[in-house]
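Pasting the structures in now, so scroll down.
Two complexes follow with chain A in common, the first pairing it with chain B and the second with chain C.
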Partner chain A sequence: MKRVRISQQEIVFAVFAALFLSFSIFLNGFLSADNMLTLLQNVAVLGILGLAMAIVVIGRGIDLSLIAALAVPGGLVLQMVQNGHSLPASLLAAGLLSIAVGLVNGWLIAYAEVPPLFATLATGLFVAGLGQAALFQLDVVQWSDGMAGFERLGQGSILGIPTSIVMFAIACVVVFILLRKTRWGAYIYAIGDNPFAARVTGIPTRPIIVLQYVLAGLIGCFAGLVMAASVNSMPTRIFNSTLIYDVILVVVLGGIGLSGGRGGVVNVIIGTLLIGTMLNGMTILNIPYAGQNLIKGLVLLIAVITDTFLNPRNEETAQQGDI
Partner chain B sequence: MACMNKFALASIATLALSAAAVPALAQQGLDEPFQKTFREALAGKTVAYVPVAMNFDLTEGWYAGLKKELEPFGVKFVIRDPNWNTNAGAQAVTSLISEKPAVMVIHNPDVQTYAKLLQRAENEGIFVIQINMGSAYRSSAFVGANWIEIGERQTEGVVKACQGKSNKIAIIQGALSAAASAYTLKGVENILAKHPEIKVVSSQAADWDAAKAKAITQTVLKQNPDLCGIVGFWDGMDIGTAAAIKEAGLTGKVFLATSGGGERKGACELVKNGSFDLNMSYDVPTQAAQMAGTIKWLLSSGAKPGSIKGSEYTTLIPITKENADTQTACWNLSDLKK
Partner chain C sequence: MRETLTRLRYRYWPDHLLGEILSKRWTETAIPVILLLIVGFALSRSLEHFLSPASLADTARQAGEIGFIGLGMALVVIVGGIDLSVGSIFALSDFCALYLLDVLNWPVPAVVVVTMIVGGLLGAVNGVLIGYLRLRAFITTLITLIIYRSAYDLLIQRYSNAIASAFPDIPSWDFIGGGTVLGIPSVALVYIVIAIFGHIFLTRLRPGWHITAIGGSRRSAYNSGIPVRRTIALCYVASGVLTSIGALFFAARLGTVGGDIGVGLEVIVLTATVLGGITLGGGKGSVVKSMVGVLIVLLVTNGLTAMNARGGVNRMALASILLVAAMVDIRWQKNRTRIISKVYVAPTYHALPPPPPTEIGKGGPFEQNDRLRDVSLIGLGRIEAPEDVILDRNDVLYAGSRHGDIVRFFPPDYERMEVFAHIGGQPLGMAFDKEDNLYVCIGGMGLYRIKPDGTVEKATDETNRSIYSVNDDSRLRLADDLDITDDGLIFFSEATVRYEMDEWPVDGLEARGNGRIICYDTKTGTTHTALRGLKFPNGVAVASDGQSILFAETFGCSIKRYWFAGPKKGAVEIVMDNLPGYPDNINLASDGNYWLALVGMRSPSLDLAWKMPGFRRRMAKRVPVDEWLFPNINTGCVVKFNEQGKILESFWDLKGLNHPMITSMREHRGYLYLGGIANNRIGRFKLDNADPNFVQYDKRWGKSS
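== the complex of A and B ==
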């Protein structure tokens, strides 16, 4: 019996459209240009992180160290400037730290063949601990005078559009070009689809896997800087929050299967929009925090179950396992 | 004395006697009868400190203050950092009970988790001092802020600023599980009950997270651009609330009241640049000094742990534009650590 194939992306888009419509009709003040911009602005950092996660998940990996990659290099910039270093030097140090974390992740996964789940869990803990123990004086690193001007990365607007949305858009374009227009992007899809076949056809799988994690780390660092600029400080304790689940939610909800090789930037945008609409609507409705978590958890469950039905395990995933 | 007798003058002799007696005393010194027992009561004792986590202004400030006050007396000061993990904290307290320090300084993550353990500790002969966040068990001493008062005074500030305006306010709570957040909310409710004209358009928990506070505030401000005030529950989180107000171009129009430990970068600097309009500070160095004083008193009193119980609520410092520039309104963590 032949079923009508509906991709997860289409289901999520339908859910998003339904939510959006009902909020627009029933929720006063939801469908205004101002509120739409706020909605996007609130999820811009999440969206940027979603792009980083997407690159890794498409290549059949997962990066749990992403929140540490957001918090620690970003915090390092603020801390170094506070201690009297120049802004460019601090940015360079943060970039190098991000690359180093990505290289270690990539090496562990590609060469030492540690499963990405464990490798990135460990490096994430290590990096967060390093920040806490050695780099930062306090969990919340405050903005200092040396950072003047840099807050424009996350505050204010460009041509009427809040800057953080513009940053998300730029990140989307860069990742889109990387994934769809370059050879490296094609390799990432090939590896995600079938790593062994990819290696047989001569793709340098190990270096490409390292590249994925370095890119994810750098995008994470960028997201951290946008976030720090947006709230004028870096709350490095965010590592202990549930943000990583939100990032995975965006990716999975958007329709990038955890078994790899599928999806792209559009999926991240759809996932981000759905989360943004949910959060914004729930805030306007003044739903208590616990209720919001409940609803988010339910939506994630439904998405994962739908994913299993629509992208069933076949012989290949049965042999290799997910992520 | 024999040479003095040669003059055979009684008055001189008397004078000389007294003159001889006084320098003799000064040379030998007078023993102050209580300091030795005080020093002995403190020397070699262990004071254990269990905050909810290190690395933020409050707990670092208490740590530095306690260390400075106690270590010169030979007190061994140990720290167990559960790093926001309530289970790890309960384990730390449990293992400390078997290690038998003289005093435990406990910063509770919530009202219930440690309560039974703290009672057990005092039964085993360990003084328990609870700081800033109390538990359901009343121990030898509580030193800390009165959250109800903080909520009341912040709300009073907001209500006053709202006079003649829209009377619409928003509340940005901390984490729902934290007692500090729930107590502060009670204080807010106390004042709002007296002011039925005030309308709360949003009351949400931002989980002590600046980014969440910013997102909530942005949405609320878009829905209610005529909002006249916000009660925020912690200055570390309300940096985000302030950023949202600033981005909406409403600085000075929306009155933001918050609270915190009064560290200069997190409090006074932000009041000065207009981010916060009122920051109720619980003045961490003074709290640390009170904790240390309580420890000294308890150890030297000879009292049995659990036999006496008292509280020291902190006198709050309201930081506004008027006093944000003064030396005394805020403190520097770097100075305290010297």
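== the complex of A and C ==
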């Protein structure tokens, strides 16, 4: 007899579908085209960050420095333009900063063998501190005239679709191609599945791990620019928020296991949609922010518990230090 | 001149301590402690009021509050998990305490108890989910972090005004928040008590060991019957309770329910935990490490705040410390054994004059001959590594074997062989006492006694620990040879306290006085160390006066005499030095003189190397072990000497066909029986001019009835 196995991805999708259906039936104005676009627009940045996190998590890592990688290079662009530098030069500086952060992360994790949790926790702290101490004059870096035209990255629409959603879509396509159509992507999956086996088969595991974090940093920078463009400023205090937890939840709920080697772009989209639907529905219901968080947390908890019941962890093959 | 400098440098500089210190477990804690001292020193130099009582008390208060959370986090990390929800539990406990006190006006003891219960329940949610339902700790506590935080946000929206407007004036509550006992803040005092208990709990009590075992390997812990799920769940409950205790003190001190209380606390505590050296993934950690980590983090953040650094600088400093600590910790964990094995071997200066000649034609007592060529063989191929041989009053021949057995051969032809007793370990020197009990030194185990019926008893396996020794030298590592005095004192040699049985030749490479003579009193059953600092002491024989022993120092190439009683008690004199080989066992001869086995002959190369410690150290570091320059133990001889230190005669097997290697010899009824630690045989050699009725233990203890 074959046991029916339901993956976490399917559970989350079912939860999403149930939520979506009930909101559509019981909430006035939920299913309208405008609201759908708003829903997606609100979670576009979260989704892009989710893609960055997905790359790292598939390679059996985690990147807690993503929020810093979003806030600081993005803020740097705005600050430099404000200080009179040209936009391309500022973008270049931000890109270099992101690459540097990614390289440091990757080196620490791949070569110095610091656990990713700590390496990225520390670099995130460091980069945020750097921004606060040396780069920005105010917590919120304001838009300046030199940025004219750049706001189209996050505002307006292309063919009737809000730009931020288009950006999320572009990012999805790029990451999808990288993960599924290139050799590097295959390497990332191999490393996530079993780093030692990957190494033995001759995959350059360490450079690929560095590559993961550089890519994550660059995507984070991109998310930051989209975010800055859509709100015309960069609130650098976002580092203090719980946004990073939302990003992890998007990835994990979508079905990309933290032990690596599983999942892909589709999972990020599903996870993002679930979070987006929940947030949107609760906003329409006029639930306060704290209440929204509470409900979000409880739903997530139920989803994770359900997953554990349907797919219990295997005690015999569980890895040491896999927390 | 240069030689003298080398000699003095190796005489007084304790090279061997480095390897011994590094192989201690507590050196892992030493790194964060040193960091703490550096940070503390730097701050006391750069901050004016850093060491003032008020400032210290304030630091102690904060350290206590965060310290409780650190203890909880340490517990959870050691068991192999992580608790990100501590910040939110802290906030909720803080709210709970103030709500009960300010709004419901409960008495303080009830507030304390209920707050701790609330903390425990919040932790229990994590515990049930992670322990029993086996959810991932990281993701689970991440979700509870969000849930608890939003619950807190909802609660303070409702009650923060009520709490803010109340000003409770309760002495016991104020004492919790700001009281001191003998100048020590209340919170620090409670923390110290709990930390001491926590240390005992983790290192001495069964549940503590269970926690470490689960963190080390959850699967093995489960398979060995440890209640894994319950233990894990209880760790999270403990984390919750400890966090709520920290929150209680915080609530009593500040009495506020701000929106950002406990935000980011998990990062600070996690930083402290890793900084202290508690390995993520579980299985390793201690209370002291947690305490040191918390102190470092707190000193750095407070110090930077006091120096008016911007918040960003604070973060950068914290992050840099976290990274450096994690890197040092990881590199050290990874390379520890390799580094220790590289630095453990610490050769020292050991100069010997040129040895007396042994070549044929040069004359002298050591002149080589071929007298052992006519040795007949016993047990050829049936025995392995008989380091020592001995005969009892009934002419039965006993020998040890590498397999941990004592075997015996029966007269008259010594063909019939049986296993007399099985002990384990490698049997080395042997001796009979007056009651015909056989005492055996077992390498790696200690001194054992075999009764005539073959039952084995442990005589002793430990002695008093030297105060200044870094290595724990109370256990016997390499008991080697023994003899028994008329009063029932057993003197036995322990060749080295730095190496195990299987690596004893390395001690010859070091040529340091690592060995000792130990005395076991059969009457009282006590053991004490008689002499220490000897260069591989080996053979032991009671001298004719009954007040002293003769002992051989293998790598000292000398025979010495030690008085344990009588007018010269405590004195050590050299009987012979500068032997041409490495002396091993010493035994009584029928004419009142002594037999001595030379296990190997000195070689000019090693003699030279012994004068060049730096050369030997480089060799030990750079060359694989099997290519090291070891003392030669392939060919040797038996000599007879008297108590005045004169060599009387020597016996050699030049061709090396019958008995090339000799570690011991025993005279019995006109024959000499030969043993060798690398041999597969026992030799039997007919002595000329020897008393044909000589039985060693009849002579020592008188004829048996």
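The criterion applied here is as follows: the second predicted complex is superposed on the first by the 303 of 323 C-alpha atoms of A that agree within 3 Å, B and C clash if a C-alpha of one lies under 4 Å from a C-alpha of the other, contacts with A are read in each partner's own complex, and residues count from 1 in each chain.
Note that a contact is a pair of C-beta atoms (placed from the backbone, for glycine too) under 8 Å apart; a residue touches a chain by one contact, two chains touch by 3 or more.
Since the structure is predicted, the reported quantities are computational estimates derived from the model, not experimental observations.
With both structures placed on the common chain, the touch criterion links A:L294 to chain C but leaves chain B unconnected.
Contacts of A:G29 after superposition: chain B is touched, whereas chain C is not reached. In the overlay built on the shared chain, the residue A:L279 is in contact with chain B alone; chain C does not reach it. Legend: residue contacts after superposition of the two complexes on their common chain; A:N83 is shown touching neither chain B nor chain C. When both complexes are overlaid on chain A, the residue A:T182 reaches neither chain B nor chain C. Of the two partners chain B and chain C, more residues of chain A are touched by C.
Applying the stated contact rule after C-alpha superposition, one finds that A:I238 touches chain B and leaves chain C untouched. In the superposed pair of complexes, A:T123 makes contact with chain C only, with no contact to chain B.
Contact with neither chain B nor chain C is seen for A:T201 once the two complexes are overlaid on the shared chain.
When the two structures are aligned on the shared chain, A:V114 is found in touch with chain C, with no touch to chain B.
On chain A, the patch touched by chain B and the patch touched by chain C overlap at residues 132, 240, 288-290.
Interface residues of chain B facing chain A in the complex, by the touch rule stated above, are 53, 55-57, 60, 83-84, 176, 202-205, 207, 209-211, 214-216, 218-220, 222-223, 236, 239-240, 242-243, 246-247, 265-266, 269, 275, 333. For chain A in complex with chain B, the residues that touch the partner chain are 29, 32, 34-35, 38-39, 41-42, 45, 132, 136-140, 142, 144, 155-156, 162, 227, 230-233, 235, 237-238, 240-241, 279-280, 283-284, 286, 288-290. By the touch criterion given at the top, residues 80-82, 129, 133-140, 142-147, 149-151, 153-154, 157, 217-219, 222, 263-264, 267, 270-271, 274, 280-282, 309-320, 322-323, 326-327, 330-331, 334 of chain C touch chain A in their complex.
Contact residues of chain A toward chain C in the complex are 108, 112-115, 117-119, 121-126, 128-134, 240, 242, 245, 248-249, 252, 258, 288-294, 296-298, 300-301, 304-305, 308-309, 312-313, 315-316, 318, 320-323.
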